[in-house]
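Common to both upcoming complexes is subunit A, partnered first by subunit B, then by subunit C.
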Partner chain A sequence: MRKYFTRKILIYLLTFFLAVTIDWMIPRFMPGDPITNMLTRFSVNTNAIEVMHDYYTKNFGLDLPVWKQYLSFWSNLFQGDLGISIYLFPKPVTEVIMNAVPYDVALLLPAIVLSWLAGNHFGAFAARSKWLDNTISPLGYILTATPYMWLGILLAWFFGIILGIFPIAGAYSYSLSPTWSWQFVLDVLHHWFLPFVSLFIVQFGGWAIGMRNLIIYELESDYSHYLEALGAPRSLVRKYAFNNAILPQLTGLALQLGVIVAGALVTEVVFSYPGIGYLLLAAIQNQDYFLIQGCFLFIIIGVLLSNFIIDIVYVLFDPRTRKGMTGETA
Partner chain B sequence: MKRRIFLLTLVVILSIVLGACAPTATPTPEEVEETEPVVQETEEEVATEEAAEEEVVVPTEFPREETIYVSGSAWGPASTWNPFQPGSLANTTGTIGFVYEFLFHYNPLSGEMIPWLAESGEWIDDVTYNVALRDGLTWSDGEALTAEDVKFTFDLGLDYAAIWFAPMRDYLTEVVVVDEKNLQFNFEAPLYQEFENNLYNIPIVPKHIWENFSEEEITTGANEKPVGSGAYMYLTHAEDRNIWVRNENWWGIDVFGAPAPRYIVDIRTSSNNVALGMVLKGEIDLSNNFLPGVAELADQGYVDTYYEDAPYMLSANTAVLFLNTTKSPMDDPDFRRALAFAIDVPSIVNVAYAQLVKAANPTGLLPDLEKYVDQAVVDELGYTYDTEQAKQILADAGYVDIDDDGFVETPDGEPIALEVTCPSGWTDWMAAIEVIATSAQAAGINIQNVTPDYGAWNTSMQSGTFDMTLNNWAAMSNTPWTLYNLLFNNPIREQMQSGNFGRYDNQEVFDLVDQLAAVPSSNEEEMMNVLSQIQTTMLTDMPMIPLWYNGLWAQYSSSHWTNWPSENSDVSGMPVTWSGYWQLGGLQMLIDLEPVTAE
Partner chain C sequence: MNDNIKTTKKEKNRNEFLYFAFRNRKLQIGLIIILFFLILAIFGPFMTDHKIYAYANPTGPTPPNSEYWFGTTFFGQDVFTQVVHGLRSTFVVGILGGGIGTLIGIIIGFTAGYTGGVLDEILNAFTNIVLVIPTLAVLLIIAAYLDVRSLFTESVFIGLTAWPWVARAVRSQTFSLRSREFVDLARLSAVKPIKIIFSEIAPNMMSYLVMSFILQFGGAILNAATLDFIGLGPTNAISLGMVMQYAVQWGALQFGMWWWFVPPGLAITAIVGALYSMNVGLDEVFNPKLRET
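So, the complex of A and B:
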C-alpha cells in the first residue's frame, strides 16, 4: 500500500512540476508585449507611454533574464505569491483568483458530481429496457453532443427572456448586496440554477450514454450469463454489472474534470456569471502572464487533486487494484 | 458496498459544503466607525455624525426608483481606484469624474469648457495662467479643498515620471499658490492645446491624504476606499459590479444641482448579448455596449438612442486606416491615394455597422470639431468611394495587371499581396476590414483581411511589421491637436507606441503639429492657418486614411429614468458612462435625469 502511494505521489509531483513549468512558459511564447497592451488601454495622453513602459516593465520584473524570472517564479510560488496581475493591475493574482474561485466551485462541483451520479444511475436503469432505451438513448446522444454555449443561450432565451422566470445575468440580483438572509440565499440559488442546469444536462447525457453501453456490455459477458443460468434474480445480475461498469466511468470522471473548465468558460460568458473561466479568457487576450499562470495553476491543482482522489476511490471500488498493489495474486 | 456508499456520501457532502461557500461573494465592507455617541456632544453633532454614518452603510436592497443601472464600461473585476493608474480604470469608471474631479469639464457638443472646481481660469499673459477656485469646495471627509491640493496634484506630475501627465514638466515650470483660492501656473513656451486638454483630464487629489503616500503607492497603489470631492462616493463592489452612492454633502449641489440617482450600479456584462437582453428586460437603464442590431430596436421603440434615425449614435472617435509607409507599395503616395478611393466606406457604414456610424471627414476630425476643417482643402483634395477613379489613379501611376490574375502589380512588376488587420473578436472592425479587402480587390488591389489576437495585433502595429491596420486612439477632445498628435506622432522611433504607426516621416508636418500645440486656443486664426497646412499635406500625401467615426454607443430605456440627452431634448449632457467621459457630459446627464414616478 505504501509503495503504491509513494509511487503515485512521486508521479503526481513530477507531473505538477512539468505542468507548472509549461504553464510558465506558454504565455511567454505568445507574440506581443503585455505592458504595451496594458498601457494602450489608457488613452488620455500618449506622450508619456514610453517612460511608463520602462517603469512598469521593471515593476513586473520583466526586464530580468528569462532564467531569473523562472527561478523567482518558483520561489514566489512556494511563498504563495503568484505575482501582480497586469490586466487587473495592481491586484495580486492570488486575490483575483480567490475572489473568483468560489463561484466556480459552487457551479462546477455540483454539476460534475450530480450529473455523474444521476447519469450513471439513469444509464444503468435505461439499459436493456426497450421503451426507455428507444427514447432516452437518442436524447442522450443529442444532449451530450450539444455545445454548452448553444444550450446556455437557449436556456437563457427561453427561461430568461420568453418566460422571464429566471435571471439572465449575474451571480445575484444587481439590486441586492450580500447578506445572510433568506432573500439573498434564494436569490443566489435563483441565479445559479440556469448555469448549473446547462452544465448538468450536457454532462448528464454523456454519462447516461456511457453507462448504458457499459451495462449492455457487462450483461453480455460470461459471468452475467452464468449468473442468469444459475437462476439469479435480474436485480442481482444488474448489480454486479453495475459494479463492473462503474470503473471505466470513474476513470472518465477524472478525465472530464480537465475538460469541464472549457464548459465553465462559455457558461460564464453566456450567463455573465463571475468565475475563473471568464478571467482566463480575458487574461489570455491581454497577455497577462501572471494571471494566466495563476488560472492554469488552479486548474492543474484541481485536475491533479481530483485524479488523486479518484485513485484512492478506485482502490476502494475495485478489489483487484487493492490486491494487486499489496503484491497478492487475485 | 457500505464503504462505497460512505464515500459517495462524503463526496456529496463535500460538494454541498463547498457549494455553500459561494454566497460569501465579496464581503461587504465592514463598518468600523464607532456608533456610540459621546455623551457631551450636542444634539446637532450627533445628528451629523449619524447622517455621515448612514451614507456609508450598504443597504441590503437598492430601491429601484433611486438606482440607475448602467453597463458598457467595465470588462473585468474592479482592481484599482487610483486616478493616476493606467490600464484598468474602465473597470471602476467614475473613479475619475465621480470621486476625483477636475478643474474644468468640457462639453464636446457645444465646444465649451465648463468651470468645475475652478470658478474661472485665464491666461493673463503668454506664459502665465491663473486659476480661481470656487468657494466652499470640500472633500468627502469634510476637509476643505484648497489651492494647495491643486498644486500638490500638478506637482506629482513634475516629480514622478510614471505619472501620465509628467511630459508637462517640459513647459510647466512652477505652480504657485497665491492664496487659499488662487493659483498661478508659470510656463516656458507652453503647449496651450495640451495644457487646456489636461485641465479637464487631471484629477485633483486631496493633499492631506496623498502626501502620506510613498512614490510607489502613488504610481502603483490600488487606493482602495478613495476619498474625493465629487458627486458620488465609492460604496462597494463585487466581481461583476461597482456601486456608487451619491455624496449628499457634495459642494456642487448648490452650483449644478444634485444628480438624480442616489445609487449607481455599474454592471460588468461578459458579452454584449447579455447587455442587450438586460436592456430589453428593463434591467439596465443605460447601456454603452456596442450592440449591432440597435438600429432596428430603436426604430421599433424598444430602446432610445441619441438620434432618432441614422446614425443613431453620437460620434466618439475616428477609425483611421494606418498604412505602413516603410513598406512597398504603401510608400507611394499615388498608391495610397488610389486606396482611399477604392475603399467602400458606404458599405462599412450601412452593412458592417447597420447604419450606426457616420462616414468620416477626410481630415479625420470629429463632427464636433468641424469648425477646424478647411473645407476648401477638402473640396480640392478629398476622396470618396469611387472604384473607377481608384483604377485610374493606379493606371496613371504605372500599376498594371501584368500576369492577368485580376490584381495590379507595382510599376517595377512586383506582385502586390497585402494584409489589412484588426484584433480578433472585435466584430464590427472585423466586418469593416472585410469590406476594405473586398472593395480594394474590386479596384485591383490584392488585400486580404486578417485578424490576429489583440496582443499580436498591438505588437505588429507598434513595431511596424503590419501592412495596414485600423486604429482609433484619439479620444474625444477640445482640440484638433489630439487627433493630429496621434496621426503624426514624432520622432520616428523603433517602437511607435503612441501614434503614427505607419511611420510616415515628414518633418514639415511634424513641425506643424508641434506648432499647433503651441498656439493659444483663443487664436483661432493662427490655428486654422496651421491646420489648413496640415490638412493639405495629409490629403496630398495620404499617409493614413480616416474612414468612419466610431459611435458613442448608447441605448437607454425610459421606463425608470427620463429626460435623457438626445437630439430633441434641451439637456446638454451626453449619454455615456465610459471612464474619462463623465467630465464630457456624463455627469451632466445624471444631474438632468428625472425618475419616473409610479402613477
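So, the complex of A and C:
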C-alpha cells in the first residue's frame, strides 16, 4: 500500500511541476507580446496601466536571467500570489478564484458522485436484459456524444424559457442577498438544479454503458461460470461481477475528470453560473492573462486532488492494494 | 506456390471482413450519418449565396423558411451558411487533430512497448503525467496567448494533447505481441526493429489502431467545440462551437430563437454519436466473440 501511494504521489508531484512550468513558459515563449496587448487594450484606465506596468516589469522580470524568473514564479506561487486581475481590478487573482471555487465544488461534486453511482447501478441492471439493453445502449451512446454545453442550452431553453419553471442565469436571484434564510437557500438550490442536471445526464450515459459492457465481460469469465456451475443464485454471481467491474470504472472516473471539468466550465458559461468556467470566459474576453493563468492552476490542482481522493477510495474498494499485492499499477 | 496460398488467404480474410462489415447495423448507420454530414460539409457552402457573417436578412431574426433554411440569427445572418461552414471546420479538426493524436500515440506506444527497459519507464511515466493534466486547461492557456488562431493550429494543439490514451493502449498491445513466436522468429532473422514493428506487430493490431483513430476523431471534435464555446475558437474560420457561443451570448435563449442553437449542437452530437456507433460496430466485426447472433 505504501508503494502504491508513493508511486501515485510521485506522479502527481511531477504533474504539478510540469503544469506550473507550462503555466510559466507559455506567456514567455509564445509569439506576440501579451503585455503590450494587454496594456494597449486597457489604455483607458491610466491608473490601472501604471500599476500594471510596474507589476509586469516586476513579475515577468524580463531583465533577470530566465532561471531567476522561473524561481521567483515558484516563490510567488507558494505565497499564494498569482497576480492581480485586470477584469476585476484591483482584486488579487487568488481572491477572485477563491470566490468562484465553492460554486464549482457545489456543482461538480454531487454531479460526479451521483452520476457515477447511479450510472453504474443502472448499467449493471440493464446488462443482459434484452429490452433494456436495446433502448438504453443507443441512448447512452447518444448522451456521451452530446457536447455538455448543448445539453445545457437545450435544458435551459426547455425548462427555463418554454416552461419557465427554472431560472437560467446566476447562482441566486439578484433581488436577494446571501443570508442563511430558507428563502435564500431554496433560491440557490433552484438556480443550482439545471446546471447540475445537465452535468449529471451526460456523465450518466457514459457510466451506464461502461458498466453494462464490463458486467457482460465479467459474466463471461471463468469465476462466473464456476459459480453458476456450483448452483449459486443469479444475484450472487451478479454481485461478484459488479464488485469486479467497479474497479475499472473507478480508474475510468479518475481518467475522465479532466473531461468532466471541461464540461462543467462550458455548462457554467451557458447558465452564467459564477464558477471558474464563467470567470474564465470573462477573463478571455477581457484578455485578463493573470486570471487565465490562475484558473489554469486551480483546475490542475483540483483535478490532482480529486485523483488522489479516488486513489484512496480505490484502496477501500480493492483489497489487493491494501495487502501489498499489485492491484492497480498505472 | 507459397506466395499464392498467402494471397488467397489474405483475400479470404478481407472478404470475410467486408462481409461482416457490410452486414453490421451499427457500422452502417454510423457510416451513413458521417457520409451525410461530410457531403453537406463539402457541398453545403456552394448551396448558399450568403457570406458567413453577412447580414443576409434585413429584418433580423426569422425562423426557418424556404429562403433561409435554418432561419437567421439576431443580426440576420444565415444560420445554414454558418452551420455548413462550421461542419467543414469540424471535419478538419477531427481528421487533423485526431490523426495527429493517433500518430503520436502510436509512435510513443510502439517505442515504449517494443524497446522496454528504462526508455519504457520514462515514456510510460510521461504518458501517465500528461494523462492526468486536464487537456482542455492546457489547450485554453495556449489558445489564450495566441493572437491569431487558425483552424490548423487549433487542430495541431488538440492532437498534441490527446495522444496519451492511444499511447497507453498501443503500448500494452505491443507488450503482449512482442513476446510471440513470430516476432521472435523475425528477430532471430535479424530483421530491423522498425521493420518488425511495421510488418509483424502493427498488422496484428490494425483493428485497434483504426478504432483509436475513430475515438480520437470524436474526442478532437468535442474538445474543439468546448474550446470554441469558451471563446477561444479559430479567428480565421467559423465552427459549430462558435455558432453556439454566439447564440448564447446574443440571447438566443431568452428570445426563444431555437433554430440558432439546435442545428450546430445536433450536428456535433450526430457526428460524434455516429463515430461511437462505428467504433462499436467495428469492434464487433473484428472481434467475433462480440458479434450478435
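A few remarks follow.
Basically, the second predicted complex is superposed on the first by the 264 of 330 C-alpha atoms of A that agree within 3 Å, B and C clash if a C-alpha of one lies under 4 Å from a C-alpha of the other, contacts with A are read in each partner's own complex, and residues count from 1 in each chain.
Definition applied: contacts are C-beta pairs under 8 Å (C-beta built on N, C-alpha and C of every residue); 3 or more make two chains touch, one makes a residue touch a chain.
Being a predicted model, the structure only gives us computed values, none of them experimental.
Once the two complexes are overlaid on the shared chain, A:I26 sits against subunit C while remaining clear of subunit B.
Once the two complexes are laid over each other on the shared chain, residue contacts for A:M149 go to subunit C alone; subunit B is not touched.
Legend: residue contacts after superposition of the two complexes on their common chain; A:V313 is shown touching subunit B, with no touch to subunit C. Residue contacts after overlaying the shared chain place A:G160 against subunit B and subunit C alike. Of the two partner chains placed by the overlay, neither subunit B nor subunit C lies in contact with A:S221. In the superposed pair of complexes, A:T135 makes contact with neither subunit B nor subunit C. Look at A:P102: by the touch rule set out above, it reaches subunit B but stays clear of subunit C. The partner that reaches more residues of subunit A, of the two candidates subunit B and subunit C, is B. Of the two partner chains placed by superposition, only subunit B is touched by A:F89; subunit C is not. In the superposition on chain A, A:I11 makes contact with subunit C only, not with subunit B. With the contact threshold set out at the top, residues 30-32, 34, 37, 153, 156, 160-161, 168, 269-270, 285 of subunit A are in contact with subunit B in one structure and with subunit C in the other. Across the complex, subunit A meets subunit C through its residues 11-12, 14-15, 18-19, 22-23, 26-27, 30-32, 34, 37, 141-142, 144-150, 153-154, 156-157, 160-162, 168, 255, 257-259, 261-263, 265-266, 269-270, 277, 280-281, 284-285, 289, 292-293, 296, 299-300, 303-304, 307, 330.
The touching residues of subunit C, counted against subunit A in their complex, run 125, 128-129, 131-138, 140-142, 144-147, 168, 218, 222-223, 225-226, 229-232, 241, 244, 247-248, 253-254, 256, 258, 261-262, 264-266, 268-270, 272-273, 275-277, 280. By the touch criterion given at the top, residues 3-4, 7-8, 11-12, 14-16, 18-19, 21-28, 58-62, 64, 67, 69, 75-77, 79-80, 82, 85-91, 161-167, 194, 198, 201, 219-222, 236, 238-241, 243, 265, 267-271, 273-274, 277-278, 280-281, 283, 425, 452-456, 458-460, 462, 473, 475, 485-486, 489, 493, 495, 497-499, 580 of subunit B touch subunit A in their complex. The touching residues of subunit A, counted against subunit B in their complex, run 30-34, 36-53, 55-56, 59, 85-91, 96, 99-100, 102-103, 105-106, 109-110, 113-114, 117, 153, 156, 160-161, 164, 168-172, 174-181, 183-185, 188, 192, 268-274, 278-279, 282, 285-287, 313, 316-317.
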